[in-house]
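To keep things simple, chains are lettered A, B, C and D as they appear, and every chain counts its residues starting from 1.
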Amino acid sequence: MSIIVGVDIGNSTTEAAVARIGDDGSPEFLSSGTTMTTGIKGTVENIPGVVQVLEEATEAAGIEISDLDLVLLNEATPVIGDVAMETVTETIVTESSMVGHNPSSPGGKGTGVGRTVHIRDLENGAPPEGPVIVVVPQEYDFEVAAGILARALEAGVEVQAGIVQGNDGVLISNRLPTPLPFVDEVAHVEKVPLGMLAAVEVAPQGQAVRQLSNPYGIATLFSLSPEETTHVIPIAKALVGLRSAVVIRTPAGDVQSKEIPAGSIKFIGENQSLTVELEHGADEIMNTLAQAQPLCDVEGESGTNVGGMIENVRQTMADVTEKPLAEVNIHDVLAVDCLVPQQVVGGIADEFSIESATGLAIMVDTDRLLMERVAETLSEKIGVPVELGGVEANTAILGALTTPGIDVPVAIIDGGAGSTDGAELQKGKPVEHVHLAGAGNMVTLLIKNELGLERFDVAEQIKIHPLAKVESLFHIRHEDNGVQFFEEPLEANLFARVVLVTDDGLVPIDTKHTLDRIRTVRQEAKRKVLVRNGIRVLRHISPSGNIRFLNFVAVVGRLGLDFELPQMLMNELSPFGIVVGVANVRGELGPTNAVATGLIVNYCRRRDDAT
Amino acid sequence: MSIIVGVDIGNSTTEAAVARIGDDGSPEFLSSGTTMTTGIKGTVENIPGVVQVLEEATEAAGIEISDLDLVLLNEATPVIGDVAMETVTETIVTESSMVGHNPSSPGGKGTGVGRTVHIRDLENGAPPEGPVIVVVPQEYDFEVAAGILARALEAGVEVQAGIVQGNDGVLISNRLPTPLPFVDEVAHVEKVPLGMLAAVEVAPQGQAVRQLSNPYGIATLFSLSPEETTHVIPIAKALVGLRSAVVIRTPAGDVQSKEIPAGSIKFIGENQSLTVELEHGADEIMNTLAQAQPLCDVEGESGTNVGGMIENVRQTMADVTEKPLAEVNIHDVLAVDCLVPQQVVGGIADEFSIESATGLAIMVDTDRLLMERVAETLSEKIGVPVELGGVEANTAILGALTTPGIDVPVAIIDGGAGSTDGAELQKGKPVEHVHLAGAGNMVTLLIKNELGLERFDVAEQIKIHPLAKVESLFHIRHEDNGVQFFEEPLEANLFARVVLVTDDGLVPIDTKHTLDRIRTVRQEAKRKVLVRNGIRVLRHISPSGNIRFLNFVAVVGRLGLDFELPQMLMNELSPFGIVVGVANVRGELGPTNAVATGLIVNYCRRRDDAT
Amino acid sequence: MPAAGRRNVTPDEPERPAIHVALGNEADERLYGRVAVGAEEEGIPCRLVPEEGSDAVALAFSAAGSSRLGVGVGVASGRVAVHERHMPAGRPVVATEAGDRAEDACRQAGSNAARLVIGVPLWLLQER
Amino acid sequence: MPAAGRRNVTPDEPERPAIHVALGNEADERLYGRVAVGAEEEGIPCRLVPEEGSDAVALAFSAAGSSRLGVGVGVASGRVAVHERHMPAGRPVVATEAGDRAEDACRQAGSNAARLVIGVPLWLLQER
């Protein structure tokens, strides 16, 4: 009888499984443990995390570390993944020709056209001729401004609309003899050119502007020639869907959407090398990658962000494996298109526009990490023999096979933070395995950038917790539309906010996005990376590349804990008619602890074979 | 000086433009009018509608019909379109093996596994062995049921969960010593097989079941072999995303998704005829259509709904044009995939599932309608000369050209109810035109079926009005997230409902769908039909099929009034770098009245040429 | 934070937000229980409050006024009314006959009162 | 149905739902106007109600109790509080100093009171 522990050091988590091996050689599992991995996988920095998980697991089993007869470490898959994103377009407003920030409480409604005048010029007696649009900086208290405008109207000045710096649009409009349209919260109102023809439009609540988002509408308001109408197209396009907007007829003003050169990537294949520009988008990048297969290495254009990221990953792997740089190769790339909110250049009101961006995940793998060193150092530290217990892909499969209802032939999809891995076991054959770029971290980066969040950990929380909207101080509406009522009032800082429903309570998200927008971004990020890679993995490891020939597929790794991802995968794979589900290691641990459990199973099996 | 009227008889609306022609031959427009078209376009049934619009327009101009010197009718484009939809899959639950209707207030939470027993068998003393799932028909008052269960628990019966007919899940669970999971509102609870192994799972609020939507989860609960696990795949798939579910282990029970043969369509082209099955989906239908081009005619399989629809349209056109059936040909087809909620066959709780359906629009056109007959009859009736004033495509272009900022070369997209039409004018060339199947009516049918609505007019209203959610008796939240407050309380029947924001007030929609689902269906329907056809139209009529060579494009017809469609089109066409916008006929009428106005312009132009 | 509704309110928890229910002088006391279960299934607790009167609408409005949730139910003279404190006193949100099927009508009123609190469409099949 | 907020409340419209505002004995009367404009920009009217007291929170709670919208603002003793009638009396939704920048603090309180009514996140940059 002996007591052994299997320890799985992952990129993200370190897990343990404790088992008593009886005289008949079969394992009786006693406990499990899990903690955050310390340091980069495959280095002696992992040891504090290993010690912690051993303490946790032995305590749960009611024993001491000194009672252990053996510790088995995974021959960790030497995979390092990284991810970066580059914006490839930008919007530039020239000559302050439009305002499109969509303030929440514009004043009045309707359309007004006229020449822009500063409100001080209405104070000073000499009234301007013709229709005017009044510009009101925040030095003018709304009551003072309203008074000036009311008197001007009475004196016959044709005030048509206003552009206001403060949040006073409704206040000013309410104090005029008839309500006029006012666009407010215009931060840099001093940039509004004076003496120019301008149009202001405010739609009724719940609607969007119709004239300023239509080039012929602008043409009607400004009496433009067909030639001039061509130039206002990008302005009209930028104002689509907004409740209020301003267009100013400056001589050369317009709105430009430019491509930003973000660098190129070179795919070095066995037969040919191909280069592709990042700003041409994910489809072209992935097509170029496909043409360059089989892939030997990837290089990024030096001096660019992407080039820097690729070289960083190469260097890290070289350090960890103590191999020369030239022997460290990038073996897979995943490119994803996304849309990120960026501040408009030249905007008058701190407008944001949605720009295109390309996200890139890369993955390096080698044959072996220096796990023996980790094993030796660990063994010295804890005074227990430590051995390497098996290749990770094999042990993951063995752990997955402890799921009720599953049998060989079996394939697993192992979703972690840095890479998406797959393995397949057919009876009597060696295990097939593959590692692909793009996994949990890429999903989080997509969420972060598409929502314009500042912090990665906030995006990570959004990834793994469902959403709710706080509708009153006493109830919330979950994203599935169910309503939950609370007896004690919620905190004021939660009121009307989108929140995450976590085990520790409701956590507000600092965002202007609606719940539905956040949910769509979250689900699309998972779809574009994890569902896609799940299928790529299965194609790689299935017999003849035909997924239909796989019988059982199980998802392992913490991505199997995701509250929606397994279902998305199952839906996507259902046309193939195979059994797909989340593993249930040892019938109780779900997708976690597969490798740690598999290390024990593998040990017993080898002892069995030996006897 | 003479006073003339241009009258445009459309499939849906009849419009008029009244103008005084001065001695210099130029038109001075006096008024406009619009009314619903009576009867099928091109028949004398149109005349009551024409008379009505003449009365309206002349009254607005301050004259009598007898003051008119001439009425010009469009040589109406002889186009008739129709649309139908067929469901091509269905879900069948055999042997009552699962319950997945997702009631709004299930009781308790967690998972329970056991044999199904009727609650009366717990009353009668002989307690069953082992864990049980209790079935509670609505004859049992919740308090009575809770009492029986509490006593049984006390007596040591292992009650694990319950399946309840009435809406009593929470009430029963609350009255037990510890809360147990209860799925309630099970309409046909008598169909639940007794004495079978079953599992009940209720997720916490805001979450979905994790075990019953995972085949390995079901395998764990029922200790299934790998072989048996294969059979529960469709059950697990059907339960994805639900907050509560029941799985019953019946000998041959499962859930099947079957294809429904919906018939085939034959595309008869100049060079070959190709047949395609409706249930193979829109892409295959449209690909087959493309291969059969140029298209001469289309036939549907006799005895099927689609076959019947095609022959009906052919017959109607034959009647209206007095041509023989053999000379009436279908010239375009648009197929669209969609998802429609259908009742599950064999469901225990009136479950609905989302099934695939194919929508089909067809279009017949011929060279000429019998408009002369309409003109003669009308002239007799009103005592004013009536002439045919020009081909519709030409007059539509001329009307569009009265938009400020537009010039030749110009193309128009004319979106109506039955077909999407396009026309293009290059200087010095005859007008190019095209008619495509799929327009306003198809959009409405898609909305109706994807939301499971009973009435077409409700779907039509959803198409043309924005949505809002009534959040309290005093405020609503518009679909753009803006909040509107009311001083007077709203009606009780609006509370918490999704409503349409119309000029006549808020109109509730009788639906269980969320606002976002309704909005998504509405926008997708417009995208799949109108945006797609807008692009198809432009490709047809642009020089060399290259849209970039079009300078100005204007949207005419009532679809240009849509509050979101023009913007969707503009976004889709922006990569082509052309001017696209909604026409503004005569600088004030938007996209309406183009043909009626164009009839006047054409008349003056011809008189000009003649002199 | 615990979800509400597990049990009816006990007298020593006056602060607990609840739908207030007021019975008219001659109304059957068991009808309070029916109102309470209608609300309980939706997850909201009720509290019986002493009020004098025989007009269901006025009782409901007064009950709504004292309820921290702002929702009240009144049962009297063969009618049951659901009220909300923001409404004009004479305009209950729902008012129905509670004659023959008084127990069902009261359970439905309790369900509607809870739905007012949590924002779910109301049951409106019977006449107002 | 007309949108609210075009003008402040006149005395002959007592039924009109509004945010109620109560000033403490020594509070500057002009501060009511600041609260009212903060709410007006968001589209909700206010009404000044007579209350006695010098505790901003208590004034706000009492004002919320009489307001048909259930929201009240109290200004007194250098503080401004926003309250809601469902809350425990001692727990205002927001309470801030109204010392040096009393006018700004009161305008923001009016804005928050309106946001409570219509369901928009609150301005919470200052300390409670």
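Keep this in mind: contacts are C-beta pairs under 8 Å (C-beta built on N, C-alpha and C of every residue); 3 or more make two chains touch, one makes a residue touch a chain.
Quick caveat: nothing in here was measured; it's all calculated off a predicted structure.
Looking at B-D and B-C side by side, the one with more C-beta contacts is B-C. If you match contact pairs by residue number, over half of those in A-D turn up again in just one of B-D, A-C or B-C, and that pair is B-C. Chain A and chain B, compared by their mean Cα positions, are separated by 33 Å.
Centroids of chain B and chain D (each the mean of its C-alpha atoms) stand 47 Å apart. If you average the CA atoms of chain C and of chain D, the two centres end up 30 Å from each other.
Chain B and chain C have Cα centroids lying 40 Å from one another.
The multi-chain contact residues of chain B, meaning those touching 2 or more other chains, are 104, 205, 471, 474, 484. Under the contact definition stated at the top, the residues of chain D that touch 2 or more other chains are 3, 5, 17, 43, 69, 86, 88, 119-120. Chain contact summary for the complex, chain A toward chain B: residues 104, 205-208, 210, 213-220, 223-226, 228-230, 233, 236-237, 240-241, 243, 403-407, 466, 468, 471, 478-482, 484, 501, 514, 516, 551-552, 554, 563-564, 566-567, 570-571, 574, 579-584, 587-588. The residues of chain B lying in touch with chain C in their complex are 104-105, 142, 167-171, 174, 205, 471-474, 489, 492-493, 495-497. Contact residues on chain C toward chain B in their complex (touch as defined above): 3, 5-7, 37, 40-43, 84, 86-88, 91, 93-94, 115-116, 119-122, 124, 128. Residues 471, 474-475, 477, 483-488, 505 of chain A touch chain C in their complex. Across the complex, chain B is touched by residues 1-5, 16-17, 43-44, 69, 117-120 of chain D.
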